Each structure stands twice: as C-alpha cells, then as structure tokens.
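Take a look at this one; I'll ask things after.
Note that the chains take the letters A, B, C, D, E and F in the order they are written out, and that residue 1 is the start of every chain.
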Amino acid sequence: MLATLLATPFVLALLVGLLPDSRRRAAAWLAALAPVGGLVLLALMTPDVMSGAGVRSLVPWVPAMGLDLSLRLDGLAWMFAGLVLGIGALIVLYARYYLSAADSMPRFLSFLLLFMGAMLGMVVAGNLVLLAVFWELTSISSFLLIGFWKHRQEARDGARMALAITGAGGLALLGGVILLGRITGSYELDVVLASGPQILASPLYPYALVLVLLAVFTKSAQFPFQFWLPHAMAAPTPVSAYLHSATMVKAGVFLLARLHPALAGSDLFFYLVSGIGAITLLVGSWHAIFQHDLKGLLAYSTISHLGLITLLFGLSTPMAVVAGLFHILNHATFKASLFMAAGIIDHETGTRDMRRLGGLLRILPYTAILAIIASLAMAGVPLLNGFLSKEMFFTEALEIRGHMFMRWGITVAAVLAGAFGVAYSLRFVHDTFFGPGPVRIERTPHEPPRFMRIPVEILVILCLAVGVAPALTIAPVLRTAAEGVLGADVPYYSLSIWHGFNTPFIMSLVGLALGIALYFGIRKLIDLYGVSYDSRGRRVYEWKVAEAVRLAGKLTDRLENGSLQRYLLMVVLSALALGLVPFLSADLAFPGRSQPMPPLAWLVWGMGMVATLATVWLHRRRLLALVVMGAVGLAVSLAFVLLSAPDLALTQLLVEMVTIALMLLALNYLPPESAPEPSRLRKWRDAVIALAAGGGVAAMAYAVMTRPFDTVASEILARSLPEGGGSNVVNVILVDFRGFDTLGEIAVFGIAALVVHAMLRRARMLPERRADGPPDPLVIPNTVARLLLPLALAVSLYLFLRGHNLPGGGFIAGLVLAVPVLLQYVLSGNEYMEQRLGFDYPRVIGVGLALALATGVGSWLLGYPYMTSHTDYVAVPLLGKLPMASAMVFDIGVYLVVGAGSLLMLGMMAAVRPPLHGGAR
Amino acid sequence: MELALSVFIGTLVAAGVYLLLRARSFDIILGLTLLSYAVNLLIFSMGRLAVGKPPILDKALDPSLANHSDPLPQALVLTAIVIAFAMTAVLLVTAVRSRSDSRSDHVDGHEPPEETP
Amino acid sequence: MIQTCIDIAMGAFALAMVLNMFRLLRGSGMPDRILALDTLSVNTIALLVLAGLRESSTIYFEAAVVIAMLGFVTTIVLSKYVIRGDIVE
Amino acid sequence: MKRWLPAPLLSVTVFVVWLLLVASLEPAHVLLAAVLALVLPLVAQRLREDTAHARRPGVAARLIVVVLWDIVLSNIEVARRILGRESRMRPAFVWIPLDITNRHGISALAGIITMTPGTVSSELSPDQRHLLVHFLHLEDADAAIAHIKSRYEAPLREVFP
Amino acid sequence: MNQALEILVCVLLLSGAGFALVASWGLAKLGDIFKRLHGPTKASTLGVGGVLLAAMLWQAMQGVPSLRELLITLFLFMTAPVSAYLVARAALSSDASLRPGPPPGQDGDA
Amino acid sequence: MAHLPILPILLPLLAALVMLLVRTRRVAVHRFIGLLSGAGLVALAATLAVQADDGGTRVYLVGNWASHLGIALAADRLSAIMLLATSLLALPCLWFATGGWDRRAPHFHVLFQFQLMGLNGAFLTADLFNLFVFFEVLLIASYGLILSGARGARVRSGLQYVAFNITASTLYLFAVGYLYGITGALNMAEVAARVAAMPAAEAAPLQAAAGLLLVVFCAKAALLPMYFWLPETYARSPAAVAALFAVMTKLGVYTVLRVFTLVFGAEAGALANLAWPWLLPLGAATLVLATLGALAAPSLRLLAAYLVLGSAATLFIALGLASAEALGAGLYYLVHSTLVGGAMFLLADLIRRQRDNAGDSLRKLDHMKNRGLLGVLFMVAALSVAGLPPLSGFVGKFSLLAAVPGAQAAWLWPVILFTSLLVIVALASAGSQLFWREGGEPAPPGAVPRLRTPEVGATIGLLGLGVLLSVFGGPALDYTQAAGEQLMAPSAYIEAVRGALPLPGVSP
C-alpha cells in the first residue's frame, strides 16, 4: 500500500505529461486523482500508524550499497504525507483556475505531481540514501516548477539559483548520509535512529552533523542561504503556495525532525541549529517588512517562520520538538492560504506590488476577509493557530537551561521577531486591502471563480478551527507525529488557548504592541514605498557564479590553447618525469657486458648519427631533410643486416621507398620550407628537452641491453621448425606464433588505405608548384622500368614463396610488388595506370583480409583454436614433396593487402586534382 | 657495440623529439619518422645484439639463442614498421588536407601572431 | 689472403660511403644530394655482398638484390620531384 | 604464338632470373620457371604499350662484349680524369642526332652511353631525334658523335630495327 | 691453380673497390654536378661488378657455385643509367644556366 | 562456445570484410550488415558476461600455442564489462549514423566495424604487444571516422588527434620494448610472474618502463596534464563518432586497470601498486579542470566533451583508491558514463540541428523545434551525467563516495561533491539557455531538418540503457564489485593464462 501511495503521483505525472496541451480539464481531473487517492490510502494506513506500529515496505534496489527502496510510515511521515497530499489536493484545484490559457496545464500539473511524489518519497523513505535520492528529486522538480514561465528572465534565474543552492545541500546530505552509514553500519532509518548515542560518540559526528545541517539550512532557506527563496517567487503562485510555504522548504525541518533522535543532544547541535534558526528568524522577519511584492513579503515571512521552526528543533527539548511540529502545520495552513490569496489578487488586478494595490476590501471583500484572517494567524493573534505555536515557542525559549547567553538572546529575538511579524502582517493587510484604491491596474478586479476560492476557504477554516479548538482538531495528529520523532518520550502537554497570564503571554502582547508601533512608526519615519531592498545574497551568488564561469573560461582557454605543440610537450615531459623518477633513488650500475664493435658497425653508426643530426639541422628545407633522412633509413637498414635481422632490413628498405614517394606526393601540397620560428627561446627549450629524452632513452637502452636475459624466444626457436613448419623463425612468428598480430597489422594497413581513400576521393587541392607544359614522357626510364616489371614480379613471388624458411614473406613480397608499380605511376602518370591497371583496390584489400581471416577460421573445422596452423608435405607429381602450411595461405592475404593497400594510398595521393577555380597559390 | 647503438637510438630520439615539438605538420612527420626508427632499433636491441646469427634455422646448428639472435623482437619490429608506415600515410594525407583547408601548414591551423624575437 | 682482400675492399667501400655522405651533406644542389644518396645505396650493395663473402653467409643477398632492383626508385622519385613537383602526373 | 608469348626475350629473362634466384635446377623449379616465364610477361603486358622485338642475337652478343670491354676502359679513363687535375678537364654537352627510332633501342643506347667512356646521357629531345650527352672531357665533338654512332648505334639499329 | 684463382679474386675485389672509391672521390671532389655524375655511374658498374664477379668466383672455389650475384649485376646494369639520366635531367631543370642550347635545327627550349 | 572469446573480434572484422567485398552503391546493405554485427556483438558480450560471472577467466590460445609463446585472449569480468559497455554503446551510435551521416562519410560502416574490432581486441587480449596492435586498429579506424567526410576545422583537430596518438603509440612501443628487454616476455600474465620474481635491486629500469606505460595509458584516457587534446577533438567529431568515442577514454582507463593491477599490482614485489599514488591526485585535478571546462563551455558539444573528460577523471579517482570496493564503484560508473556520455553527444547533435542558426551554441539564442521531446531527453541525460538521483550517475557516484576511505575523504569528498555541484550549475544553465530562452527569428518552414527516427530512437535507446542500468543497479553493482575483487586478486588470472594448455596433437 505504501509503495502504491508513493508510485501514484509518479505514474500520474507521466500520464498527465503525455496529454496534449488542449486537454486542460482532463489533466486537472487526472492530476487530482493523485493527492485524493493518496489521502484515501493514507487514511487506510492511519490505524496502523496511530497504533505506533507503522507501515513498512521493502524492495531491494542496490543492496550492495545498502541502498534499497525501503519505505517506512511512522507518525512523523504520516503527518507530513498528509500535509503534502492535503495541500497538494487544494493546490491542484487552485491551479486549475489559476493557470492562463497560454500555460500548458498538463506540463504544469505533471511537474507538480512529480514534485509531490518526490516529497512523499522523502517523507516515507525508510533508508537514508533513499531519502537523499528523493531530496534531490524535490530540488529538480522544483527547478522545473520555478522555471515554468521560462520566457521570464527572473524565473530562469530563480530556478537555477534554487537548484544550485538546494542541489548543493543535497550533495552535502549525501556526504552526511554516508558518514552516518559508516558510523552505524547501515543506512536503514530504523538502525540509524536507534544509534543516537553511538553517533554522538563517534569522531565523525561533527562532520556528519555539519553536512546534514548544510542540507537542512539550504533547503529550508536558513541564513545565510535564505536568498534563493524570494527569487523562487518567480514561479506561478500555486508553486509558491505549495513548495515554498507548505512543503519543500519544510523538507529541511522535516529532516531535522527525522534525524532528531540520531543527531540532537550535543552542544554543537544546539548552538548551530538554534543559533542559525534565531538569526534567520530575525533576518527574515525584518526583511519582510520592506518588501513591496506580496509574494516577496510572504517569502521573507516564510524564511522567518522556518527560522523559528529550526530554532525550536535546535532547542531539542521534547516540548520544543512538539512545538516545532505544530508550527510546521500551522505555518503550512496560513501561509498556503495567504499565497493563494496573493495569487487571486495578482490574478484579478494584474499586480502584486503593494505600492499600487490598496482598498481591495471594497472590491474583493470575500477574498480580503479570508486573507486578513490568515494574516492575523501569521501575526500570532490569539484564537488563531499561529498564536498557539508561538506561545509554545516563547515558553521553550524561557526554558533554555544552562546556556544563559542563549536563553536571553533567544528570548529577546523571539519578542523582536514577534514584533516584526506583526509589522509585516499589518503591512500586508493594510497596503492591500485598505487605504486608497488600486492604481494603474489594467483590468477591473472581480471576485475569483467559486472553485478558486475553495482551497483558501478550507485553509482559513482550518486556521480558525485549530486556533479555537486545538484539542479537538489537531491534538491527535500532533501526538502521532511527535511519537514519530520522540518515540515513547512524548511529554505531557495541553493544547489549550489559555494558559493563564504568564510570561509567554506577556511576551505575545509586547510583541503585538511593538509590532503595531513599529509598522506605523516606520511609515511615519521613512517612506516605506521608497525603500528598495536589494538581495545581497543574490548579488553575492550571481557574482560568484559569474566569476567562477569567467575564471573557468580563462583557465580553460589558457590550458587548452589549441596548440598541438603544447599537448605533445606535455606527453614528452610526462614521459620524462615518470621515466626518470625511478633512477633518482637507484644507483645506476651498468652490468656492462658490452660486445666489441665490428669495423663495419662504425661506418653504419657514423652514417646514421651524422645523417640524423643533419636531418634536424636541415629540417626547415624539407626536400633536403627528406633526402638526408633517406641516409638515416639506409643506416638503420644496414644496422639490421649487420645485427642479424635480414627481414627487418628488407622491410625497412622497402617501406622507406614507399614512404619517400608518399612524402614527396604530399610535399607538393605543402610549403617547401618551414616558416621561421618566432621564438628562439622555445627552440633552446625544446632542444634541452629533446636531449634529455634522448639521453634517458639511450641510458635505459644501454642498461637493459647489457643485462642478463631470459626470454620466451628460446622456446620459440626450438619449436619453430618442428611445430611451425618453417626455418625463418621471424616469419614463423609472424604467420603462426603471433599470426594474430599480423592479422591486426594488415587490418591497420588496409584501414589506413581506406582512410586515405575516403579523405582524398573527391578532394581537390592546389599543388604548391605546377610545372609548365605537358608532362615529360621520360621515354628512356619508362622503357627500362617496364622491362623491369616482370622481373620484379618474379622476385616478389620468390620472396613470398620462400619467406617461411628464408628472409621474405608476404609483407616484403607485397612491397616488392608495389614498388615497381609505384615506379610505373611515377613514369607513366596516373591516368595511364588507371586505364590499364584499374583494380578495385578496396576490394582487393577485402579479399586479402578475408583470406587471412578464413585461414584462421579453417582450424575451427578441425576443432582447434583460431589460427592453429597445419603443416603438411604434399606430394606433387614431378615436383616432389612440397611443404604446404596453412600459414602460407594466410601470407597470401598479407601479400594482397600490402600490395593493394600501398597502391591505393599512392594512387589516391596521385589522383588529386587542382580545384576547378583558382590560380596558383 | 651496445653503447654505440644506445647512443644512436638516443640521438634519433633527441632529433625526433625536437622535430616533434615544431609547429609545422611536415616537421612533425619527420620527427615521428625518426622516432619510429628509434623505437624500431630499440625494440630490436631489446632482444640483445648478435652479429652473424640470423634467426634462420640451419640443420647444422642447434636451434637455440646461442646460435641465433632473438627472433621475437624482430617480428615485433616488422609489425611496428608496417603500422608506423600506415600511420604516417594517414598523417601525411591529413596534413595535406588541413593545409589545403586552412591555408596554413601550422598544426594549429593558423599562423602564429607575429612576435618580435 | 682472401680475407685480407675482403677487408681491404670493405674498407674502401666504407671510405667511399663516407665520401658519399660528405656530398650528401655538402650539396650544393638537390641533384648532387640525390646522386650522393644513390651512390650510397650502390656502394651498400657491394658492402653487403662483401659481408656475405666474409661470413660465408647468404642472408645479405636478398637485401642486396632488392637494393639493386629497386634502389633507383628513390632516385627517380626524388629527381622527378625536382623536375616536375608532381611526381605522379 | 604472339598472344601467348608476346615477348620471347623477356620470357627467357624471367626464366633465367627465376632459376638464378632459386639457385637450383631441380625439375620442380624448372617447371615453375617455365610457367612464370609464360605468365609474368602476360601480367606485365597490361602496363606495356609495345614490346621489345630484338633481332640478330649475334650482333647483340657482339655488342654486349664490346660494351663490357668499353666499360672497363671507361672506368680506367674516368678514374684517371678524376684523380687528375680538374682544371685540365674540358667538359661539354653534345646533342647526338639519332637515326635509331625504336624506343628500346634508344633506351639501350642511352644506357650504353652512360656506362661507357666519360659520357652520360642526360636528356632526350621531345621528338626523340636527339640525345643530349655530357662529356667529362671532350676534345672533338664530331669525332665523338661519329664514334658513338658507329660503335653503338649502328649495331643497335640492327638489333632493334 | 687455386692460388691463381685466389689472386684473381683478390684483384677483382681490389680493383672493384678501387674504382668505387675513386668514383666516390670524384663525387666528393669535382666542381659541378655533371662532372660528379660520371664517377658514380661507373662505380655501380665496374666497382660493384668486380666485387660480384669475385664473389661468384670465390663461391665456386668453395664448392658452392652460385650465379645469383649475376642478378644483382643485371639489375644494376638496367637501373644505374636510368638513375644517372634522371639526376641529369633534374640538374638541367633545376639550374637553367647549365642547360645547353636546343639540338641543332630546332628552335626554342627543348 | 569454445571460441566465444575470439568472436567479438572476428565478427566485426567479418562484417567489415563483407562490406568491402559486396561493394554496392546501396548504403542499406551496409547498414543492415553493420547493425546485424552490432546486435550480434551485444549478444556475444552478454553471453561472455554471463560466463565470466562464475569468477573464472576464460583463456583462448590463438594458434593453439601456450600463452607465453603465442597470443592469448583472456575474458574475465572486467573484459566482459568493457565488451558489453562497448557493444551497448556502439549499436545505438550505429543506428544514429544511419540517419544520414553514413551517406556523407565514405567507408563509414567499414571503419566503424574495424573500430569495434580494435576495441574488442584491446579488451580481450592478454598480450602487451597484441594490445598495441589492437590499439592501432582502433586508432586508425577512429582517424578514419573523424576524418572521413571532414572539412576545415574538423580536419585540423583531426590532425592534432592523429599526431597526438601516433606520439603516444610510439611511446607505448618504447615501454613495451623495455619491458620485453627486462622480462623477456610479452604475455601480461607471464610478465607479471616475472616482475614479481624480479630482485628489488633491478627494479629501477622496470619501474621506468612501467612509468612510460602509465603515461601512454593516461594520455589515451586523457588525464592531466595530457587531456588537452580531447575536448576540441570530440566536440568536432561527427555525433555518432563522438558518441562512440565516449568509450575511447575508458579504454585508457581499462588498460591502466588491467596492467597496473595485473603486472604492477598488489603482488608485484618491489614494484607493487606503482601507479595508484600518481593517479589519485591527478584524477582529482583533472576532474576539477574538466568541470571548470564544462562550466565555461560555449557549446553543448564542448560541454559534453568536458563531461566525458570528467567521467574519465572520476574513474581515475576510483583507480587511485585501489580497493575492490572503489574499483567496483568505478566500473559501474564507467559503464554509466560511457552510455550517458555517448547519449549526450547524440543529443547535442539533435539539438544543434533543431536550432537553425545558433546550432549548439550556448551563447546565442534561437528557436528550437521539437523542444518538448528534446527537453525531456536533455533532462534525463543531464540528471544522469550530473550524478543526480535516481539515475545511474547517482548510483555510481554514491557508491564511489562510499568507497572513499576516511583518510582521503577529507579532501576527495569536497572535490567530488563540489565538482558535481558545478556540473549541475553548468547543465542547468545550458538547459535553461537552450530550452527556456528563445530569441531571433524563427526559422522559415523547411529550413530545419526533421528529426529522423533512427537518430531519435538511438538517443532514447542509449538514455534508456542508462535508466535500466540504474533500475538494475543492484545486480549491476554486484557484478562490478565482483570484478573489482577479481582485479585485486590477480593471481587467479595469472594462473589461468599461464596454465592454459594447448590442445594436443595438431603439429606434424
């Protein structure tokens, strides 16, 4: 049942939200179903609650985190749920008439129900994390509601501000909740509430308390976070009435009540909560006097009343708690009715500015009387509900024990605040309903529709009923709620109107008198209409946000200046740092088993060193650098040959040829020289970094090379011939042991070709230099090159076939095929080649890859893992026994991909045409 | 020999890093090419150096590291060379397109503001 | 004797390569450098063959064949660039 | 015949090259070489406009011997010049008028000139009627032209008519 | 006999190396590109050729006759002139002052 | 079933090849193949995840060689999570692209499949060099995805991306080279065993190699000070691609997690727990900077990029805490942020195209079509990203907060909570700017393209997955927690990989 109660508003929110804007009436009816149905369910559960057993329900969600959908309806939750649903029902009714035709009724009500659900969830949550979840949900749904009139700047700003402040509180709550969970070992409320002493004794208690209080203070608009509430008044009035008087702002004090057994009882709690409450009480009520906007006044009044409630919970005595709960109810009734009245006035006159209002008693007598009664309740006039809880507050203030300073301070604050409350209530009544009539209003006001008044009437009647006969009306509710907080410790108290002519009553009277004097005195002294109060909190907030955004922007721009140079520098520096750190503490002892240098190595070494340095030296003259780098490549290849790596040497040589061709093709579209660099300092800096990097790499390379070594390769060597079927171990590794690498490698190669293809397919670019005249046919080289082609094919095939046993293999063979074809491109031109060769290279790449893939899959048929190679000697007539390794088929795939891939890249680069329009660069 | 090769690798790295930190796309490509030479030599040398012992099995010789250089790094370098080539090709084409589109071969797509040195 | 001859010959080719490097770096024109690079690779062929002789090994052969057959491609490509700018027209 | 064996000389070359590569005369390799000799020129055919039709193998053989001998001579000659005083060189360009028209012939001639005494062929005129030759040391242009034409071009015209 | 062959091998080796060295010396020493061009083209023929011949002879003497080195020679003979030709063309086109006049009987630039 | 661990690699490869071979002009064929493969990958990943939940590590010996000789794939819970996250992200991204981008970018579908192949391979391989290869596969495919059909500024940011990643890959090779030179092995389990046996006196070079590895992985995962490349690149990439890239930073995180728990983890002897002290502060700092970037972002796509960055940074915090609990929370957060980060990019693109002139600018005002639908989607995405309840982001962030031990909570909590707040502020202000403010002239009819079903469907689908992740937060978190525990006890993985035996009797 509890789960149904909670689910109803959410489900209906969804349904209402899906209605089209035109279905206003349907939306209202559907929406009303939520609070009404909820109240029925709540009524059904009331006996269980009253009996003290409560209602519980548990659905696991994330048990690992102790986060479950655990619901729990005790007296406190019951009271709040009733408040949320009851006022909610009235608000839906009110909103039905309040919203203009331009507003989307379904959207509004959907948001409202969402909020209602969140609020309900929060009060019935039986798990602290779940409570925090719904807590945040109330922030989010209120964001949507405050910003409902999205075309208004102040609505958007108010919504964002509310979200930021209350959202921050929610995050703090999350922290607090986790700490409480750590202290008690559970997030379940039952456990936490039963662990009060344990919590108070924990060293984590102050942190947990402060975090939770941050949530409380932000949500309940306590000093110094109070400023968001007046700005939330940009919301439609039903929202203000509901969220910002009756329910959401009460979430904070609800949490205080909820966690009272767990957190209260320390001096820290007392000072913090009652101190902040007292300040808020004073600040709120004082500012309320100076508001011109009806809703602004009500908002500050709400702040002060919330301060009052907070203060009561801070006092922590059982009676204070009862008083706090009582005032929550009372405030909800009179404040909601006042907001609705203000909404009616706004609705009818088109303004809420008290400087333009007045004399409405004549025009809207019925509404006026309702509002006046509610205001008197707000002022704490006897026979109205506000008076009762205020009396209890005064009593409790006087009861403070052991904190002399606090007792006097709070008592004085109570009287002062009482006086301020009277003053702003007077202003509300006086400026709106009396005095000279409304000025500069657009339309003639009428009494509102019948049904729009009903909610106000109900609430005012409640104010009166409670005020006159508390014991008959509110007592059982209050007792139930108090039991929810205090358990069996609920003190004896009497809810009667008259407790005798005692100190609290005198304080009330003093406050009343002071308030009247204050209001009329101030009116005499200063032009109340001329005072304009600007929210300092808001200014600070906005300044902070703007400043934060500005700083964030500046910092981001500074860090991410779009400079690749910096990004690369960071990588290099990071690598340097992490590479060098280990050596700071270690002593660098090189084992030093260096081998003697063969004479030829000197040549290679010298050639490589000189050419490398020259490449850097000449790098700005690009063609030159390229030629010199060719010598580096040659030296590297020679080094490979010398050091027993013939396959590497071959590959390096061939790749070098193709690379140079590609680079030259590209260079034709790039400036021939690098522009000079503006900063000499940077060059030196980079040189130093480069030297450090080079030195580090070299030192480390030397250290590792001269170290004793135990490698898996010895096993590979031993098993290559018998099990891999080849004596060129490098090739056996490539096509067998690590054939999977090779599959990936040719995939990379093929993809690269496809990428080049994709990027250049339709590209038109202006070359750096266009030679005059028709291309030279280069007859002599051409003749030779064409003669060479079949011979190169033969060599390529030869290298392919024997690759498994001797240097060679698919990759090398593929390049030996591609390079002479590349030469043909160079000598005969692109058009000539496309006419004659015209392969669909992407498809050839696909075929090659498919062959490689299929070879691997073949072994599945025999029940072996992917790419298990099968070597056999096939007897072919005349030829004798030939080794046939499945790996060779794989190698054919490599061959095709490499050949087609390199030709596709070169061909695409070559086929680029100049733009249709455009001259030389 | 180990020392000489280390120094060569280090020189290649230094040269490569210096060029890598230049502002023009082609310089960076040159730098990356040098760096890939360096890394190829490095990986290769991590199998330790041996002269005249190619990892090509011979019936006369025991198939062990005493008679053959480590074939594994060689296979890795082969893969690395091929991949580096593919990457270079894509980078080149990108550099060319970038230059063509933004009218500058500066890697940041625009010429730096004039500074007085 | 043969070994000595081979060593001397290798020395001579090595020296030749040093001279090629000099021209490669010295220039002055681009054709000079291309020529130097070409000569460098031709001398490399000889060096490879000699190394094979010296160690009675065949593993140098493939590299030598490939350079002999395709080494000139680099030369042609570079020259074509100098001549026309666009190496594939 | 022409369809299946477009360039017999080339096929022979491929055949020999393959056998040289595998360094073996086993029947399997010979067979494979034969297959390749047939197939590869056909594949290469796709990229060739015309094929070399070499005639007169005797003349060709004699020319090869002459050229090989001239190569030796030219090397000695060039070495002498290089080691000698540079100021004594008299380098020059000469346009050699060509009578030979076959592309292969021209290419062979240019190659031979490059490999023989003190000459490097440097450019073919667009109409393919003149070959620009650089002489490291030239005393008499006409004599040099005549020498080249008689010693190399004439036999080449026979081989590549 | 063997002795003589060994001497022959040595002579071939040393003369080949010598020619290559001289050619590279020429490349380094001579004053302009066209003069320099002459050396290397010869080096690739006789210099390397001598070595290759020596290698074949020597291998035959070792009892492992191999003609594979012929291939290298073949390829070099085919490609070296082409390299030289293109370098010469490059030199001609990169420096107009080096270029001689058009062939006799033709006008304008070639 | 025995071949299951390799199928997530081969399936996209096969799909790509079929596309290459069936070269048809009709993009519908490619779409069909691509989506089929995507769906198949989801199924495969789910099956693997179920299998892996028994706590074992499934080892697949490619080529039937023992793991130290050949290449082994290993699928444990972590791999399964990554595969599942990837495939669940990829399918909607692909669907989104069928809304039209795939026509404009040549080879899009092929490249997309290759990208998946690379990602899956990287998540499955147990070999350090093979990891490099798959890195390269996915990188080069990603270059293609960014650059195919690109012009102007996108090419330029692509250039930076390519150059940056090539540099990082080169560095990776250095690191792997050193590691091989020191340990003589490439298989991670084998390397781990050898590292553990390494005498402390020889630790320095090994530590340096590990440091280089860490730099590379962090560069890929975009950790301070190497994240600067990311926002611009992601913001400029095509939507479907940027969305898929939400998993790319996670790949960096994955590799750190894999290598630094396995090889340099708790059981690594002298080098135990090498990385964590670096990661925690750097992760936190990155988180702060990323959040500031989000706060200042002038466009929605840039905002999304910063959020992806922030999520990776959050993961580094989880890593840095190096407890099973924190890792479990982190892995949950990883899946969440992958899905929702991806959705954010898709959504940004939809919004961009429904505003005629202003695009996704957060500075300019414009009218927007389909505001209601997009608003709801944005709301869901924003709640999720900001870690607000009840969506997956909350579960992730909460469990992470709960996993922070007391000592670090004093500074980590404020960082995490305060950045969360800033993200809320940033998203609220972006949302109110986009959906609440209107300005300028409404676009003429027909100027704003209609929303296409695949695009909206994909976005909703991705967000829906995020919602499901939160609804099933219990089982999901249980799974990731189990994965975290598995990671903190790497010996089982090491034994499984090293002990995997090849099938007998195939070789001649």
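Convention: a contact is a pair of C-beta atoms (placed from the backbone, for glycine too) under 8 Å apart; a residue touches a chain by one contact, two chains touch by 3 or more.
Quick caveat: nothing in here was measured; it's all calculated off a predicted structure.
Visitor: Chain by chain, through touching neighbours only, how many steps does the shortest route from chain C to chain D take?
Guide: 2
Visitor: According to the touch definition, list the chains common to the neighbour sets of chain A and chain D.
Guide: Of all the chains present, those in contact with both chain A and chain D are E.
Visitor: Sort out for me whether D-E or A-C is joined by the greater number of C-beta contact pairs.
Guide: Of the two interfaces, A-C and D-E, more C-beta pairs touch across A-C.
Visitor: Look at all chain centres (mean of CA atoms) and spot the one farthest from the centre of chain A.
Guide: Of all the other chains, the one whose centre lies farthest from chain A is D.
Visitor: Round to the nearest whole Å and give the separation of the Cα centres of chain A and chain F.
Guide: Inter-chain centre distance comes to 17 Å.
Visitor: Can you compute the centre-to-centre distance for chain C and chain F, using the mean CA position of each chain? Integer Å is fine.
Guide: 48
Visitor: Counting in whole Å, what is the centre-to-centre distance of chain E and chain F, each centre being its mean C-alpha position?
Guide: 58
Visitor: Mind checking the centre-to-centre distance between chain A and chain E? Centres are C-alpha means, answer in whole Å.
Guide: 71
Visitor: Pull out every residue in chain A that's touching 2 or more other chains.
Guide: 562, 564, 568, 626, 642, 644, 646, 667, 697, 701, 704-705, 709, 711-713, 716, 737-738, 741, 745, 748, 751-752, 755, 759, 776, 778, 780-781, 784, 787-788, 791, 795, 806-807, 909 - these are the residues of chain A that touch more than one other chain.
Visitor: Check each residue of chain E and list the ones that touch at least two other chains.
Guide: 18, 23, 25, 37, 39, 47, 68, 71, 75, 78-82, 85-86, 88-89, 91
Visitor: Where in chain D do residues touch at least two different other chains?
Guide: Answer for chain D, listing residues that touch two or more other chains: 17, 21, 110-111, 121, 126.
Visitor: Name the touching chain pairs, would you?
Guide: A-B, A-C, A-D, A-E, A-F, B-C, B-F, C-E, D-E
Visitor: Note which residues of chain C are touching chain B in the complex, please.
Guide: 55, 57, 59
Visitor: Quick check on the complex: what are the chain A residues that touch chain C?
Guide: Within the complex, chain A touches chain C at residues 599-600, 603, 606-607, 610-611, 614, 623-624, 626-628, 630-631, 634, 637-638, 641-642, 644, 646, 649-650, 653-654, 656-657, 660-661, 664-665, 667-668, 767-771, 775-776, 778, 781, 788, 791-792, 795, 799, 806-808, 816, 819-820, 822-823, 825-827, 829-830, 906, 909-910.
Visitor: Spell out the part of chain E that touches chain A in their complex, as residue ranges.
Guide: Listed in rising order, the residues are 75, 78-79, 81-82, 85-86, 89.
Visitor: List the residues on chain D that touch chain E in their complex, please.
Guide: 17, 20-21, 23, 71-72, 74-75, 78-79, 81-83, 86, 89, 91, 93, 95, 97, 110-115, 118-123, 125-127, 129-130, 132, 134, 136
Visitor: Would you mind writing out the residues of chain F in touch with chain A in their complex?
Guide: Those in contact with chain A are residues 2-3, 6, 10, 13-14, 16-17, 19-21, 23, 60-65, 68-71, 105-107, 110-111, 114, 117-118, 121, 129-130, 133-134, 136-137, 140-141, 143-144, 147-150, 159-160, 163-164, 167-168, 171, 174, 178, 180-182, 184-187, 190, 202-208, 211-212, 214-215, 218-219, 225-226, 228-229, 231-232, 278, 289, 292-293, 295-296, 328, 383, 388-390, 394-395, 398-399, 401-402, 406, 413, 417, 420-422, 424-425, 428-429, 432, 435-438, 473-474, 477-478, 481, 502-503, 506-508.
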